[in-house]
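Same chain, two partners: chain A is paired with chain B first, then with chain C.
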Partner chain A sequence: MSETVETPHPLEQLPGDLMMWVLIVSELLVFGAGLAAFLAVRIGDPAGFAAAQDHLHRAAAGLNTVVLVTSGLLAALAVRAREADKRLRTRCLLAGASVLGLVFLVIKGMEYADKAAAGIGVETHPFFTFYYLLTGFHAAHVLAGVIILGLVGWKDSPRSVEVGAAFWHMVDLVWVLLFPVIYLLR
Partner chain B sequence: MKYQTQKIAYAYFAVAMALFAVQVTMGLVLGYIYVQPNFLAEILPFNIGRMLHTNSLVVWLLTGFFGAAYFLIPEESEREIHSPKLAYLQLAILVIGTAGVVVTYLFNLFEGNFLLGKEGREFLEQPRWVKVGIVVAALIFLYNVTMTVLKGKKTAISNILLIGLWGLALLFLFAFYNPSNLALDKQYWWYVIHLWVEGVWELIMASILAYLMLKLTGVDREVVEKWLYVIVATALFSGILGTGHHYYWIGTPGYWQWIGSIFSSLEVIPFFAMMAFAFVMVWKGRRDHPNKAALLWSLGCATLAFFGAGVWGFLHTLHGVNYYTHGTQITAAHGHLAFFGAYVCLNLAIFTYAMPILKGRDPYNQVLNMASFWLMSGGMVFMTFTLTFAGTVQTHMQRVVGEAFMDVQDQIAIFFWMRLGSGVAVVIGVFLFLYAIWVPGREVIEPGPTVRAAAE
Partner chain C sequence: MLRNPLLRAWGLLIGLCLASTLVALAVERTSFAGLAATGAGATILLLAWLKARIILSEYLGLAAAPFWRRGFEIVLALYALLLLGLYTIPVL
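Moving on to the complex of A and B:
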């Protein structure tokens, strides 16, 4: 990432802001390392991991995937609307993306509450340590993303909308990676 | 020197260099005690010597940072320092506090006294009155430089430097909070120790390095600033949660092992970026600055920081590895090269750049200074290798085979002898550096093709 700065021309062509790309690459490294560690620890206890995974709501997580990907679509449409100078439409689309982000958090919160009620905590099993760390860290990014979408909707220069959408797509992408590995992989 | 108040840095650098001499001399004594444990056992117990070695290191590095800020802020903000009087008052407080610390430690005065006694918390042993003095000095400093920057031109370099220095002062406040629960004590202790050297100090380092690159290579400010922002972003991204790599075995919840391992692994990135930055700037630079020694120290700083802090840090940062290496000589190897590379070399780079300007004898012969770089760095790298081998053998014999601590120490004595030898080289290098900075004033030479070839 940073070592490529010596050739500024391709970097200048990146949509949005260089710093957002530094952040996105850093985030992907963290989630990638977390998933790799999850898979490595899983090798030592496949049966325990499978049994723990059965406690998860696959349907709720599947629904959440639809919610978040749809939200990403709205953010992408918002960038296009802003480029066409339709500012009201941009703001409506960003608001829609944010609301879907909040829906994601509500469903996620119900999932966490359910786990807590069943007495499942972060120390219950290594599977749940990674489950809480990875999905919790991701949920924190969804919350941050909702705030960022709100900010770029308020100060809605085309560049800002692009930067906000780039972050939101990263949050989207991370979920699409977390969902199959944590919820579905047998 | 464009601004008169840059002269303040002269006094700070002088104090810093005096303490530097004390610090490395004490290091040599400690290296000798390692192989001859009864040396000075009655009058200077090892733990007291170690406190002086580490505390004087931190104090002289900080004094150097303060001096560097007083030197570069006037140039960056294009105006004189708000109040030179306050700057000298701040230095006086720091000097009195340091003297108080040394006397209190050496003679073990006022033991157990709330205000005057030493506190017995590693690296934060200073008596409470000294801690208060440090806070007062830091407040004076922050008031002084913030007022200067607010009234003058604001640049990325001075902004990042100020954020780093503000963070440094605010995080030090955790030194006053000492819960009786040992796990909590350690948790907050790292807020000072870790978030200093792997957080805000990196901002200070990046901004001073950026200033030096700007001056020495003549690359556009815009390019330097872009690098600076990337370095700072990656430093904070990895460094803050990287604190988790100290929370593996102190009683904090188990998930810290993963948070610490993952984030602290990424702490290599800002150090790699700083090294890449320094070299790319030199390759791109059009300016042939006469101060080759400052350039050598800057490049050496970025390189040795990458290896000492980055590579040697990563070496034992994963919790699966650290389970075996924790608290062995591996830690000592990392500690020495990381502090030397990142913060000692940085200070020596800014001293080498600024002192000829402050003394008004620029350009001058810097062969001795450059020789001191190779002697000091070579000695320190050799020391790092010997301690790494010592730590590897120690880890195996003590943690894997299960032999007793002192039995293992006996069997790795050869490495401690070699470490003492490399320590001698470092100390000679330090005194050569001090000589090169202070003494050969009249040896001013004309810049010409022969000099340039010799310097390169």
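Moving on to the complex of A and C:
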């Protein structure tokens, strides 16, 4: 007698909430289009973009990458902890992820203050128009993510924690693409 | 070796972040120009693609959903190629 093993439908394989994935894909499309537009505009003035980029603090942005990636780890560990019904550990991990999100925003705020003090604004150069637009929009997502992590830490059902962490990983994912394109590519 | 896949992913991400920053600093501090600078840029984009793959696979859990992981990886690879193309146009 042969046994048939049913493979789940692809939609059932998708981890977490389908609507969260719709949000993740739509956010990736928005940021993806922004980064592609940035490189397309750079074609007309690569030297000007390189000179403008020299005003950025690459090491601080690199540190922020470490902060965000570590925050993502804590959020992912929180999902595992909630699945294991370790609620206190879940909340501590989510709090840690939120604090690192705030550290990211503080470093970003210092970066903006530094630019403002140097008289660099949105209209200084097209590079900075994209810089403020893309990093500012991303920072708004980080702030939203910190609030969401706080909410799912409070209402900590396994599904809420998984969805909140997925949003946070999307923020993480956008940054690992945005950071090299804006800060590192010469 | 780290047994927890999440910790392993984190370690890889940190390593890749450091590598891309070091490549960029090397370009800044030396007189890399032309093809050498473009090669460094392509390396930075390759490292970004690897980082994005790790986040999708391990942090977002697509490692457990091979169908979706393949789909995301194909789209991500095509997008990385688009960025690489736009980046290299000025030196052609």
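Operating definition for what follows: the second predicted complex is superposed on the first by the 175 of 186 C-alpha atoms of A that agree within 3 Å, B and C clash if a C-alpha of one lies under 4 Å from a C-alpha of the other, contacts with A are read in each partner's own complex, and residues count from 1 in each chain.
Basically, contacts are C-beta pairs under 8 Å (C-beta built on N, C-alpha and C of every residue); 3 or more make two chains touch, one makes a residue touch a chain.
From a predicted model like this one, the values you see are computed outputs, not experimental measurements.
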Contacts of A:77 with chain B and chain C, given as first, second, both or neither: second
Which of chain B and chain C A:104 touches, first, second, both or neither: neither
Partner chain(s) touched by A:59 [first = chain B, second = chain C, both, neither]: second
Which superposed partner A:132 touches (first chain B, second chain C, both, neither): first
First (chain B), second (chain C), both or neither touched by A:167: neither
First (chain B), second (chain C), both or neither touched by A:34: first
Partner chain in contact with A:183 - chain B first, chain C second, else both or neither: second
Superposition-derived comparison: chain B or chain C, residues of chain A touched: C
Footprint overlap on chain A, comparing chain B with chain C: none
Parts of chain B lying in touch with chain A, wherever the complex brings them together: 223, 226-227, 229-231, 233-234, 237-238, 253-255, 258-259, 261-263, 265-266, 269, 272-273, 276, 280, 284
Touching residues on chain C, where the partner in the complex is chain A: 6-7, 9-10, 13-14, 17-18, 20-21, 23-25, 27-28, 32, 37, 40-41, 44-45, 47-48, 51-52, 55-56, 58-62, 64-68, 79, 82-83, 86-87, 89-90
Footprint of chain C on chain A - complex, ascending: 10, 13-16, 24, 32, 35-36, 39-40, 42-43, 46, 54, 58-59, 62, 65-66, 69-70, 72-73, 75-77, 80, 166, 169-170, 172-173, 176-177, 179-181, 183-186
Residue ranges of chain A in contact with chain B within the complex: 1-3, 5-6, 8, 18-19, 22-23, 26, 29-30, 33-34, 37, 122-123, 129-130, 132-133
